[in-house]
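Each chain gets a letter, A, B, C and D, in the order it is written, and its residues are counted from 1.
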Amino acid sequence: MNKYSVAVLGATGYTGLELVRILRDHPGLVMRFATSEAEAGQPVRGTSLRYVKAADVPLAEVDIVFACLPHGESGAYSTAAHEAGVKVVDLSSDLRAGQAGAEYGIPELWRECVRGKTLVANPGCYPTGILLGLAPLIRAGLVAGGKPVMIDAASGVTGAGRTAKREYLFGEIAEDYRAYAAGNAHRHVPEIGAGLGRIAGGEAPEFVFTPHLLPVRRGILETMYVPLVAGTSVGAAVEATRSMYTGEPYIEVMGETLPSLRDVVNTNRVAIGHAPVAGVKDPLLLCVVALDNLVKGAAGQAVQNANLMLGFEETAGIGR
Amino acid sequence: MNKYSVAVLGATGYTGLELVRILRDHPGLVMRFATSEAEAGQPVRGTSLRYVKAADVPLAEVDIVFACLPHGESGAYSTAAHEAGVKVVDLSSDLRAGQAGAEYGIPELWRECVRGKTLVANPGCYPTGILLGLAPLIRAGLVAGGKPVMIDAASGVTGAGRTAKREYLFGEIAEDYRAYAAGNAHRHVPEIGAGLGRIAGGEAPEFVFTPHLLPVRRGILETMYVPLVAGTSVGAAVEATRSMYTGEPYIEVMGETLPSLRDVVNTNRVAIGHAPVAGVKDPLLLCVVALDNLVKGAAGQAVQNANLMLGFEETAGIGR
Amino acid sequence: MNKYSVAVLGATGYTGLELVRILRDHPGLVMRFATSEAEAGQPVRGTSLRYVKAADVPLAEVDIVFACLPHGESGAYSTAAHEAGVKVVDLSSDLRAGQAGAEYGIPELWRECVRGKTLVANPGCYPTGILLGLAPLIRAGLVAGGKPVMIDAASGVTGAGRTAKREYLFGEIAEDYRAYAAGNAHRHVPEIGAGLGRIAGGEAPEFVFTPHLLPVRRGILETMYVPLVAGTSVGAAVEATRSMYTGEPYIEVMGETLPSLRDVVNTNRVAIGHAPVAGVKDPLLLCVVALDNLVKGAAGQAVQNANLMLGFEETAGIGR
Amino acid sequence: MNKYSVAVLGATGYTGLELVRILRDHPGLVMRFATSEAEAGQPVRGTSLRYVKAADVPLAEVDIVFACLPHGESGAYSTAAHEAGVKVVDLSSDLRAGQAGAEYGIPELWRECVRGKTLVANPGCYPTGILLGLAPLIRAGLVAGGKPVMIDAASGVTGAGRTAKREYLFGEIAEDYRAYAAGNAHRHVPEIGAGLGRIAGGEAPEFVFTPHLLPVRRGILETMYVPLVAGTSVGAAVEATRSMYTGEPYIEVMGETLPSLRDVVNTNRVAIGHAPVAGVKDPLLLCVVALDNLVKGAAGQAVQNANLMLGFEETAGIGR
């Protein structure tokens, strides 16, 4: 098997740490450089490398970069690296609207667009779950127009990054739970809208996105209230989902069982369940999606994309 | 001040333990009996009492009973005790539909109905928050008809009681999060509907209630998506809420700041916040409510009701 | 009752927040000033005050200061305030060795030394539990010389303060547990040694102190392995402890039951239990102590000391 | 590679679940049967099997059994299966004293005794860490006689099993911490003593074992206070440890850095760190050991033993 040299940019954040962990088992990707501005010179746990500064990575020796730098910095670095001839998966939000020609990489939705590409924008954790949950319903024409899909989401704290901020101290988060960036104020809202529009092949359905902060390290659960076209049963929704994801290694369609974080944490899986809603006039469906924000929501999907870019088997190194 | 003799039925459950804690500081209520079928004969921590079996409480020596027995048993006991001439606050769901003439006790909504009564059904934890959050909006005529209010709720695990069940083991709950009894299947749904109908003075607005289980011990957060009548601003919703609850010791109207569990845990307070929703055609309001399921959602409100029944100051013994 | 004007210095740290909470219920202490360098001008939750900077507190209007500034700053401020004629409880470690004439305030051990004093150094959280646990055994002559007492301690994270540091992020602390400052390297070691020496009336017994960081917000548990003089039974240790603490409102002697955090969190209590050790040649006792690091380990004991300084009942405002 | 048919007895406990997870990736072990008395007939998540009752496993179709039945039941089943010609790893404590000729399986200590055996008793989680931490020190003659080693241990709750008991409910464990079975009363004490004696080749050093219950799901940390022979430095202890474990895939000798749960959870690794102790007359060493109670403390080590029994590479299927 071909071996490719990898650089992980921003390797001491939670996403970077997860990438380093996944890459250790990859048959064709060899991490050669891991960057950290603060820990440059320190050893990289579990490897024989030492962290270097991002500016000191010799791009000529690198085949593919995973860029996990802060939003705002990552895109510029990725664009430059790509122009220097290196393949890039950018995990920030900087290129997700297609900047610099980046492809938006959710393999289960747009696999053939990713295959063989050289610059991929890795999706956000919340959008990944939302788009994978709603795509089968939208494509099957089951979602009623004119009414918003309510998306009530909850995420573990690693989604907020590893920078020291008082609001993410253990003493603040433990035993607490709260909404934040409510009312469509979250920075993932445009990405969700664009993704839904692309799925719909036109105008996206209206939606309201309310993220909450869970006192857990990892995992996202998204409870979505989906208005259905008249006459649609929950069974039809389950069937559309099962049918679209047949053979997908990372999608678990649970039918009328609802997923929990436990079903997906530490894996690259997205678990999707559905439930009917009683007592309302207009038909409504609950669609609940769970994923690990650091794996399928970040590092795992990034490797999945890299595998498609480089011609590896899509699951190489990722495990179940 | 008059002193009344109290019996706490089911004193080793989480609600019972909280009642015992609150009663220790009450100036007019003296706990004389605390029951436990399993721990009968054992000392009651922090008191000089020993647990007795429920059947062994001499009702003739009791002025008021707090019944925290399991749903299904509690109502029968309460009804019998009430017929024997004892005042009763029943904390189960058995009498909340008005069985045996029980009054439904949310003081901030129906204070005068509770005052001086002798049999009160203490509300459920989820309904308490929902009704207190929506009442000002419904009474002010701000809620648009014909569309459901989505109620996405999350509760700490003590809400599920203290009976040993595998699904509530630490090993199952920690690091997890999941929906349960979704799609209006939760046993609080009829209670919510009846309460909303009473507030509306007729037909209740449609609603969808989805509870989730949080990996915390205490606290409920309810994120409600409220369709507004055209032309209604968030400011109007805040104003209606603030105006209705002026002077209420246990309601904290936070305006456009959203509450978190931290704001209310270990207190009898309900905190209410509002947020606008951008990017949707029909006006929509986020109304987020937080309370402690064991205090305002159970034992604290029970004492608040008892205070009204017995003529004490409403806040006696409860603290802030 | 006399009313005294209080300033809380450093009111937005965890200790400061706890003081503000306790003072709200105090019958004779009125918080007039609460300081925060970062939040100056912002409202103090649950009060009508706004934070001011420490330098802007008009000491002439203050009767007593609780100084919770960072170690290194607090002592200088406290000394200056005391010289300006204000009574001071300093909660940092700066004055605990008696600097500036400060009295070391553990009421249950040295109550009469604190009564009426004007400058008191409030003890550290770990030393408070250790000294209260070992004092009865040392005073009764039960501790064998020549062998160290092993003190294995575990604390909730709020003990590390509220400053934003990566190592105290939720993502770092949750699901983790580790020793730190092991091998008598913790800054509380001299304070423990001095306290033990004072109790022993001479040379302190040797000890080894190993703190650990628990993934909980509050609470300290200290498991101490105490070498006993030959012929000493556990019963004698329990009896010495019970006898010394008879009538103490905040000491719970549990006998041969071992305490847990749950027994003390959110209270000013110290719970002490003992257990025999089988299978060792030289007699050994387990002495386990639990307390809330923010209450008896900080803010609660500070108010207890203030009550003694000002002539209030020692329990005023503190609750059980 | 040879393929062997596996039965997992007691597959719905925490240890059984972990075994099922590990076996899914094993190149030579194929799980053919998974038992559960309560869930017989239900599907085994992530496989095409259904649970059967233990009595219904056709032993003639099985090459190797992993028995994770409750203590007391497991040994009898294992002995019978072994007599029927099946290879067995018993994960209970029933056979750890060598009953029925079972070999006690810690590969890093007694690898050659396990290799090719047909009946192996898998060690307890606490003893595994203690024996691996102390063995290098004992073998190198660094441990002083006549004084006990104090072993202060803390374990995540999954160590207590998955049976529904009130004391292990989330509402009881969260935010709490406590010692249990203190003073050498824990059922692992004889196993620890026997293991230490075998390492010492004679009389075991005295020890005191105090387990505590951590509010985490997984992981054990053992803080050991080891009396050293005069003139022994910490460096010598580190060196003895490093030297003994050179090349061991699952032992991480951290030198004078102390391990935390984070270093080992979800892996088969044991991390060992040392620290000097200042301020005591007789030389003392801190030896801190961390491992995952469900992996190296149970299922991971069981597969390691099975690999030795069957002639696979020792790390097959276990990962790092």
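We adopt the following convention: a residue touches a chain if its C-beta (ideal position, glycine included) is under 8 Å from a C-beta of that chain, and two chains touch if they have at least 3 such contacts.
Everything numeric in this text was worked out from a predicted model, so none of it was measured.
Asker: Measuring centre to centre with C-alpha atoms, which chain is farthest from chain B?
Answerer: Checked the centroid distances; the maximum from chain B is D.
Asker: Shared numbers divided by all numbers used: is that above or below half for chain A and chain C, i.e. same or different?
Answerer: Same: when the shared numbers are divided by all numbers used, the fraction is over half.
Asker: Round to the nearest whole Å and give the separation of the Cα centres of chain A and chain B.
Answerer: Centres of chain A and chain B (C-alpha means) sit 38 Å apart.
Asker: CA centre of chain B versus CA centre of chain D: separation in Å?
Answerer: 46
Asker: Report the inter-chain centroid distance for chain B and chain C in whole angstrom, where each centroid is the mean of the CA atoms.
Answerer: That pair's centroid distance is 36 Å.
Asker: In chain B, which residues are in touch with two or more of the other chains?
Answerer: Residues 172, 175, 215-217 of chain B touch two or more partner chains.
Asker: Over in the complex, which chain C residues touch chain D? Could you list them?
Answerer: Result: residues 146-148, 150, 152, 154, 172, 175-180, 182-185, 189, 193, 206, 208, 210, 212, 214-219, 221, 223, 225, 258-262, 265, 275-282, 284, 286, 288 of chain C touch chain D.
Asker: Which chain B residues qualify as touching chain D in the complex?
Answerer: 14, 157-158, 162-166, 168-175, 215-217
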